Amino acid sequence: MHRVRAWTRVARLCSVEYHGAWKRGLSQTAAASRLDLSGIYPPIATPFTAKEDVDYEKLEENLQKYAEIPFKGLILQGSFRDQTDWFQTEKLFLSFRFLTFVGVFFPATRATLRLTEKMAAAGADAVLVVNPCFYKGKMDSRALIHHFSKVADSSPVPVVLYSVPANTGLELPLDAVVELAQHPNILGLKDSGGDITRIGLIVHRTKAQDFQVLAGSAGFLMAAYCVGAVGGVCALANVLGQELCELERLCQSGHWGAAKVLQQRLIEPNAAVTRKLGVPALKQAMEWFGYHGGACRSPLRPLTEAETQQLRRDFSTNGWL
Amino acid sequence: MHRVRAWTRVARLCSVEYHGAWKRGLSQTAAASRLDLSGIYPPIATPFTAKEDVDYEKLEENLQKYAEIPFKGLILQGSFRDQTDWFQTEKLFLSFRFLTFVGVFFPATRATLRLTEKMAAAGADAVLVVNPCFYKGKMDSRALIHHFSKVADSSPVPVVLYSVPANTGLELPLDAVVELAQHPNILGLKDSGGDITRIGLIVHRTKAQDFQVLAGSAGFLMAAYCVGAVGGVCALANVLGQELCELERLCQSGHWGAAKVLQQRLIEPNAAVTRKLGVPALKQAMEWFGYHGGACRSPLRPLTEAETQQLRRDFSTNGWL
Amino acid sequence: MHRVRAWTRVARLCSVEYHGAWKRGLSQTAAASRLDLSGIYPPIATPFTAKEDVDYEKLEENLQKYAEIPFKGLILQGSFRDQTDWFQTEKLFLSFRFLTFVGVFFPATRATLRLTEKMAAAGADAVLVVNPCFYKGKMDSRALIHHFSKVADSSPVPVVLYSVPANTGLELPLDAVVELAQHPNILGLKDSGGDITRIGLIVHRTKAQDFQVLAGSAGFLMAAYCVGAVGGVCALANVLGQELCELERLCQSGHWGAAKVLQQRLIEPNAAVTRKLGVPALKQAMEWFGYHGGACRSPLRPLTEAETQQLRRDFSTNGWL
Amino acid sequence: MHRVRAWTRVARLCSVEYHGAWKRGLSQTAAASRLDLSGIYPPIATPFTAKEDVDYEKLEENLQKYAEIPFKGLILQGSFRDQTDWFQTEKLFLSFRFLTFVGVFFPATRATLRLTEKMAAAGADAVLVVNPCFYKGKMDSRALIHHFSKVADSSPVPVVLYSVPANTGLELPLDAVVELAQHPNILGLKDSGGDITRIGLIVHRTKAQDFQVLAGSAGFLMAAYCVGAVGGVCALANVLGQELCELERLCQSGHWGAAKVLQQRLIEPNAAVTRKLGVPALKQAMEWFGYHGGACRSPLRPLTEAETQQLRRDFSTNGWL
């Protein structure tokens, strides 16, 4: 629990400053620039009961195990959780005082803003804001810069942009990211697209702003470190959290040879629990590794027997099972 | 107001039957098969005030004008309206007793179900349910059939499927549509993809179920009638509603030559207010044609001057302005 | 053989005029405008021997059978045939004196031009020219208008544009089509994309130029007639040619009810021999219907047993087998 | 000219062995495994005259300058060069005796084979074979493995696979690459897709076969080295060849900090001459850096003035102009 206590202090410090800097100004800017995002974050998978309710007991047991792993923080409230769930989860998480993010997936600017404020009030240290995507044809850089600027203007905690084209069908344009990086309350970007050229260019073009890029997947985590990212938000961290923190350590300390070997062993398990088999596979793998995955919520379906075997192979052929 | 009164009766009849058939059974099936979807529906564009609140007075004035047009019904609650808005809109619409649909855009099955029930209780005659799309990779036919079946099993009013790949990035697969067409509480499909081959095939493969297909855009309305669709849900109906009802009449009565001339004059205005310039153009055009379009909600941006001119050209070169 | 003789005369007339109008001028324009494209065209599938050589005997037998069907003409030289093959095929086709098109798939303008001239010299009545697509990012309207204009400026026979996004990954932009329609040596467009809204708009915006649009697939043939197309180039015509000509007759004479029934029965067989199972299925179905399909050329692979059964079902459930 | 002579020896050695190993067997396998692909290769841009003929004099001057740069070899015959051009180019290149590759873009297996043999006879040390892509729907792993295996079975020189989804619309599937890596005459893969996760996984899953992966673009060259690639085929090498060889040296020697700085300065110029402005920009930039770019061939169009300025900025803001 040593590292947990350290984060607790960081989180408290931040909280005080943010609340005091509710209105835009130098102090908030300073606060924002002080929040160091570097490190590994699991986006917490929520265990459900058979009736699809959140299983808070099992969630708590998972969190107690995660407290032993040197994560930098947790990502709470996946993009589509019910609001009612959040208010219970929140208490749980605050008792742990992890550094927390909050995913926001509302499409209208003002609905996004309201949720952002609610989450900040509930103790979030930063909000991870995905781009609106329903009216894809109208979501050009002009509209997206307007949207994120308005959210960041009013958000009581720093904003981290979130681009996840596989889910939204829309990549946050590079020029919009570069312009938004100048906003004092926008700290960084979680990029799940995996276009490493783009990540390198974003780091390059925002270096004057100390803009922090997080890889959105364990599949390209080492490559992202190579080109200047500072960490990762990785679904796989729910399963192999210790190993991802080790990969972070190897990259940060320049042990690229060992990093390469470890990274390559993580690609297939990562693909299995993300783009190949998705959330149901993540939950199944969590069970194998001593966590509570629990049931999936409809419309996600449980794995078939063949998929379960494939999943097992993706872990076992890389030496994890 | 002649026709409005007629719809009122239809709507009332339906309502009584639905409420009496809350539990699954023969009576509900009969009710469902009795709901005739054929005709034109405008998906109601909501006028906002400068502060982005719903402008109920202007909305009411629009509705009074729409009551003079032989629409079959209205589509309320666009995919992304706040719930709070709905409860005020609802009273307004019930005072008109139009035949109403309700768009549902929640991703989880049980959240969709809850909203469906809420909307039915508020007087909706049917619910228009879009496919979940966030976890695109996992939304195969198996998952989608499961999702829509569960929703239709419990929905107190009939369900109309809604496929809109331009927004969701996912087309409801043809085999899923064909299988779901056999569900007694699934009435039809609004298809906005515009693949006319697919629409023809869906009509062909579901003819034993009397499955009703609505074109999701005025751009391919006549072609959809040609291959067996029974009506259309058309954004352009907010602007040129009378003309779309005339196109319907020409198609239904087999005046294909006149239909072709009218259809072709509608394609460019339709493209302008949908895929080319989108909602802000729809609202601008509504103002030109005597309705209240009002402001757009962020992140949608107002038209630029150049876009406004282009929009005007798309209407004027086809003889509408 | 009655109709064949009629085409022969048409073809001869055209040939004389084209050869006399080699240089750009009024006479060629007149000739071009005289070439009536309306009707059904099979893109001839080439039977190969087991060693992947063209089987000319079997090809000839197919052509003799096609001569009994009221096709308007044939499309020769699929996009990827060897040049050496062409020179033998040519003699064969000229002995039939069908109205012929020639597919051209060379990417560079001058290579396209050379092939166009060669094909015209070999007797083609028009050339069907697909858009270059390798450098997709650079193939904007400006480049494509330049390309097709240069080809049409020099081609001794009229040019028909060809847009087939499923294969090229690039749709010939609508504005480019509308501008190119004004070129006196560009007669029309074969559109295989199936976007019926686009087809209707192209007809509408080019009506002053008497621009002729051909549907590129039997799946949307009737819908295309509805919005103003004049015919179709349909792979399925290699198998069900008589039926497609009957569908043409029903559409041309305004028997839309009967047309709809026939059209719907053709969609699944058409999908089977095109986007679902492709060329190998087309060749298998040809065998079932009394033509010589022959082997496929690598890299195309023969159908699996399961695919063959699926193909049979797609024909039999619609009453064709 | 020191290094040139060294390559000459390598190339000669290879040639002898290949010609002696025309038939499949151990000796060819040994030869194949001996060909070390590691290093940087420019895909040679061909200068054209105003009349779009190859300007051999200018090409020769370029090659003399490239001989001073420590490239590992050259890629000749871009995907779309006329065959007639090749036979002149060939003599030129053989006089330099660079290690050469040959791009092959023919869609049918047997046409690919014929060209492969022709190129090997002309002195190519290996052939770079892109996947067929016209019948996208049928080009599954089964078909592609069959195609490449047949080509590799007969090719007198080793084969390098080439996946370039931006141009072909089709990514060579990972499982096909892994299976083909076991073929004794398939040496490696040029991957232009830029999916670094995929590249890492390919390296990982083929390490028993000593399969060599080349990055297909300077944009992700360093990241590719990080995950195990051995070199790069980079259009930008026509302009900044020395700098790319320096980046290679930094990566190979583990100077990741300096590599990162250099890599980031190369991303924008690289994007400018590839996906942003393409071949016309590459040729313009070549002129600025002392090479002969020459005219573009239609349908490629020269840069507009605005594009030229943008290109200049992309080089100058990164300190190259």
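Letters A, B, C and D mark the chains in the order given here, with residues in each chain numbered from 1 onward.
As a convention for this text, a residue touches a chain if its C-beta (ideal position, glycine included) is under 8 Å from a C-beta of that chain, and two chains touch if they have at least 3 such contacts.
The shown structure was predicted, so the numbers you read here are calculated from the model rather than taken from an experiment.
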Chain centre separation (chain A, chain C; CA means) in Å: 52
Separation of mean Cα positions, chain D and chain C [Å, integer]: 36
Multi-chain contact residues (two or more partners), chain C: none
Topology of the chain contact graph, where touching chains are joined (line, ring, star, complete, other): ring
Every chain pair in contact, whichever chains are involved: A-B, A-D, B-C, C-D
Interface residues, chain D side, partner chain A - complex: 194-197, 200-201, 203-204, 217, 219-220, 222-223, 226-228, 254, 256, 260, 263-265, 267-268, 270-271
Residues on chain C engaged by chain D in the complex (per definition of touch): 52, 79-80, 82, 105, 107-111, 132, 134-139, 142-144, 146-147, 150, 166-169, 275-276, 278-280, 297-301
